[in-house]
Structures are given as structure tokens and as C-alpha cells.
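Look for chain A in each of the two complexes below; its partner is chain B in the first and chain C in the second.
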Partner chain A sequence: MMKVNVKCFSQVQYALGQTELLVELENGSKASDLEKLIRIRAKGKLDDVSLRVAINKNYVNEDTELKDSDEVAFIPPVQGG
Partner chain B sequence: MIITPKELNDQKDDLLIIDIRPSDQRTEFPLVELNSFVCGNEELTDIKEKKVLVCQYGIVTEGLIIENDLQNTFSLLGGAVAWNDFSDGYRDLSQWSRQTVLPEVGIDGQKKISKAKVTIVGMGGLGCPAAQSLLISGIGSLHLIDKDTVSLSNLHRQPLFTPKDIDCKKVDVAKKRLSVLNPNANIDITDMFLNNKNAKELVYGSDVIIDATDNIESRQVIDQISKKLDIPMVYGGLYRFEGQVSVFNVNGSPGYIELFPDTPSGGITCEDSGVLGMLPGIIGNIQALETLKLIIGIDPTLVGKILIYDAMNHKMRTIQL
Partner chain C sequence: MIKVEIIRDPVKLFTINDDRKEDGAELVFNGRVRNMERGKEIIALEYEQYEGMAELELKEIAQRTCKKFPIKDLFCRHRIGIINVGEISLHVVIWSKHRREGLEAMNWFISELKKHVPIWKWAIMIDNTRVPSECKH
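After this line comes the complex of A and B, so read on.
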């Protein structure tokens, strides 16, 4: 098992009620696996929200494999101006 | 007391002009067309005539006047550097002496600013502070695009508008207010929303496009035309206490479509999600700052990166695109 630190931005932060959280995952899990988990925890509040994922402050493809202690951010588009 | 290069030029026959600079600075920027004489700081208190002190950037002389309580004495705003430029036929840039003294800006940078044209799409929470900051920084030309009218709920975050402006066209009011801030700037307005059909015509000739819109479709249109015409796009977005800024499409760098491919869903406007009035001021000013850096050519910028600012915890995070 491995642990990753998830940083929550804008709608993700409001949906989960946290600015960051520690998540335990099976070794070999991908960013897309973590995204599914985050969406489940959000209980439907992120169902219509597109998310981009960044690992250790770099945008990556959702197929990217996660490593222990990675810092993962899910970033939705923001529309306001 | 302060005197600008233009005022000095008008009154130079009635004033004693004293150059307090060391010889290497006098050689670098000689006071052409001025009858000046060199004098040490210690002798200044003995000179009772109406006089102007000149240093390289106009900062040392301001301090000298205050420290020594010199009467009847002016400091030349912007110093010899500003005079040199004025006498060279260029307009008086001494108003921006606190900017031009920065080595990263200088007189050359200020000239670039004064010749630049920036298009701002959207005159809402982001567009108002971005336009204000750019205009007072000396930007030569602004083009403001928006079809909206002012509403009561805009006022807490859009400082160019007052309760008397409700139902007036935003671009009309903005032009009126901004013109007062810098009468020399050229301000064009377009009372339309930007779309695929009019985008090329509206942004053509701009040096930078500021995306101050409030919807994803407009951001995509700006991204497309920015790529097509090779004009950098300075993006800003807001959600409650959070703001995003990035600089897109500079020499092939990533754009909005690379950040959010296809048509992203879930973006919520300020009208729906709410926003504190200060946040658009902060984000709009960061957009203006990035715009100036692009115009002058200062690195580093937010090209290829996105800045996320959390106003609740005052945390800034930069993510590589």
C-alpha cells in the first residue's frame, strides 16, 4: 500500500470540505483510480465537474502511475471573472 | 517640491539648475540644452535662489531637500534620465519615474509600455482592476470589449462603476473613468461580446489579450484567436476564495485548450458561486502585472505555468503545464 497527499482546489475543496487529505491506495494505482475515489467521496458533488490532475506540481495524464508520498492536485476549471 | 522635465523646460530661464551627480553619471546622461552647474551637497544650503536639483533618477534629490529642509528648491522628477529622454523629443515620462528607476523597466521599458496596445475582454471583476492598473502604469492603448450593462450586484467588485452607472454600458462608463486616470492614453471600446465571428477583427493589432471573461466558451474563443494571431493571452479565473492566472500561447507555449481539453464542464460564475470583492482585484492586478512583464520582456512570467491563489489561507501554488 502507499499513501498520497491530495491537495484540493475550488470545487473539489468545497465538495470534500477539506483543503488536503491523505489517501491510502494499492501500489500501482493510477491518477484515474484516485480521481474515482475522490468523486465517490464527494458524493455526487463533482459528477458534472471536469478535473485535471497534477502530480508534484506538474500536470500529468490521468494514466500516470502514482508513487508513495506523491502530492496530487485535482484542478477544476473556474469560470468566474 | 517636484518639477517635471516639461515644467523645467518652460521655466529654465528663471531657475538655477544644479547638477549634484558624480562625473561618471554626468557623462552617461549629460543635461543637454540646460545651463547647469555642478555643486557639492554641503554647499546647497548656502544657495538661496530658486533652484532645481538634478540627480540621475530624481530620488536622491528628493531626499536631500527633505533632509536639509531646503527652501525654494525643486527636485527634477525622474532626474537626468527623464530629462535626457524629454530633450530627445520623446514625451515626458517622469510621471513613471518610480517605475523607470527599476533596472528591469528603465526608460526603454516605459517606452515599450507607452507604445503597447492591450485588449481586455470583459469589463467585470477582473477587467476593471486590470484596466486601471495598466492605464496608470502608462499603457499607450487599451481596447475594452464588453456588451454588459452595470448592475447593482457588480459594484462590490468592479471599482470603476458607481450606483449612478446602473444600466449604463460598462465600456462607456469604464472609458470615462479611465480617461481621467491617464488623459494621454488611447482607449477604444467595443459594445459587443467577443465571439468566433468578430474575434479576429476585434483583437487584431494587440500586443496582449487579457481574458477577463466569466465563461468557458469565451475563454475558448480567446484561446483560438490568440493561437491564430500569435498574440499572448493572459488568463484569469475566479471561484469563491480562489483565483487562477496563467499566460498562454507565447511562442507555442500551452494554451487554455491544453489546460482544459475539449469542453470542460462544471465551471461556475461569480454570480452563482459568490466572490469576495477583493479577490478579483488581486487576480486582475496579477494579470496586469504579467501583461506588463510580457510587454517589457521581463522574465520569469507565468508562461507554461498556472498560478493558483487561495485567498482564505493566503497560499500560492504554481503548477507546471
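After this line comes the complex of A and C, so read on.
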């Protein structure tokens, strides 16, 4: 098993009520597996929200395999400016 | 030269002077906080960033802008934290030889910023409640 730190922003933070959380996953889990877990925890509040994934502060593909201690963020549509 | 900063204090404008001899165009963009959100009046927006990643992305977009368009200098300050209605959240200055490439570069840079830089807005409503902004402009 491995643990990853999930950073929560904007709609994800609003849906989960947390700014970050520690999640335990099976070795070999992908970002897409973690996204499914996050969406389940959000109980439907993220159903209409598209999310991009960043690992260790870089945008990556959802098929990217996670490693122990990774920092993961599911990025809702951004709104800078 | 590229200068990119994410700051918490009120935006100070970049120094503009008459020293430039090769650039015929100087574009200044200031984005300000509007007073309406979801059709309701607000008192401020709170800008939240993914610390570390936001500045990296902003710098990368500035570099791509300077490669895509014939411009040498792009300066950008993005404020985060609570910004009251009417205050500046984004300040960008681009210098270019001619106006066309400067205008195109400014438009492209801001569009890319709004697609990729992990910064979000929370609306502070009149009753002080804080809700994720729905603004996508």
C-alpha cells in the first residue's frame, strides 16, 4: 500500500469540506483511480465538474501511475485574471 | 525579459518610462474585480492559488508567449488573497515593435493564463458568505 497527499482547491475543497487529505491506495494505482475515489467522497457534488490532474505540481495524464508520497491535486476549471 | 510575480499586497504598477527606443507599442492591461457575481452584488473576490504551481505555470505561459510572438518583454503581477471590488487583480505590460503583435500577444497570454494557471476565485457576498465563483471569463 502507499499514501498520497491530495490538495483540494475551489469546487473540490467546497465539495469535500477539506483543504487536503491523506489517501491510502494499492500500489500501482493510477491518478484516474484516485479521481474515482474523490468523486465518490464528494457524493455527487463534483458530477458536473471537469477535473485535470497534477502530480507534484505538474499537469499529467490521468493514466499516470501514482507513487508513495506523491502530492496530487484534482484541478477544477481555473479562473485566474 | 520576463518578469512574473504572484503577490498578496495591492498591485503596484510596473515602472513605465521613456527609455525604450526600439519598441513602438506599450500595452498595459489591468484586470479589476467587478461588483457582481451570479447576478448578486459582492464585496470582494478571494483569489486562491496552488502555491508553487501557479507561479511556475504563469512563467511557462509567459515564456511561450515570447516565443510565439515577436516580443522581448512581458511583465505580469497577479494578486491573490482578498481583493475588494474595484481593485486590480492582474497587471500585465507587454512591449513590442508594432501594435499588432503586442495586442495579439496580450490576448493570447491572458487567454492561456485563464486556461492553465491554477488560481481560483471565491466570491465574498454582501452577507460575508464565501462561495466558489462561477465566473469563467
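The rule we apply is simple: the second predicted complex is superposed on the first by the 77 of 81 C-alpha atoms of A that agree within 3 Å, B and C clash if a C-alpha of one lies under 4 Å from a C-alpha of the other, contacts with A are read in each partner's own complex, and residues count from 1 in each chain.
Heads up, the rule we're going with is that a residue touches a chain if its C-beta (ideal position, glycine included) is under 8 Å from a C-beta of that chain, and two chains touch if they have at least 3 such contacts.
These figures come from a predicted structure and were not determined experimentally.
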Superposition-derived comparison: chain B or chain C, residues of chain A touched: B
Which of chain B and chain C A:F9 touches, first, second, both or neither: both
Contacts of A:D48 with chain B and chain C, given as first, second, both or neither: first
First, second, both or neither for A:V78, with chain B first and chain C second: both
Chain B and chain C contact sites that coincide on chain A, given as residue numbers: 7, 9-11, 14, 54, 57-59, 73, 75-81
Of all residues in chain A, those that touch chain C in their complex: 7, 9-11, 14, 54, 57-59, 73, 75-81
Touching residues (chain side chain B, partner chain A) in the complex: 122, 124-127, 211-216, 236-240, 242-244, 259-260, 262, 264-270, 273, 275, 280, 306, 308, 310, 313, 317-321
Chain A to chain B touching residues, read off their complex: 7, 9-11, 13-14, 19, 46, 48-50, 52, 54, 57-59, 73, 75-81
In the complex with chain A, residue positions of chain C that touch it: 31, 47-48, 50, 52-54, 56, 78, 89-90, 110, 113-122, 131-133, 135-137
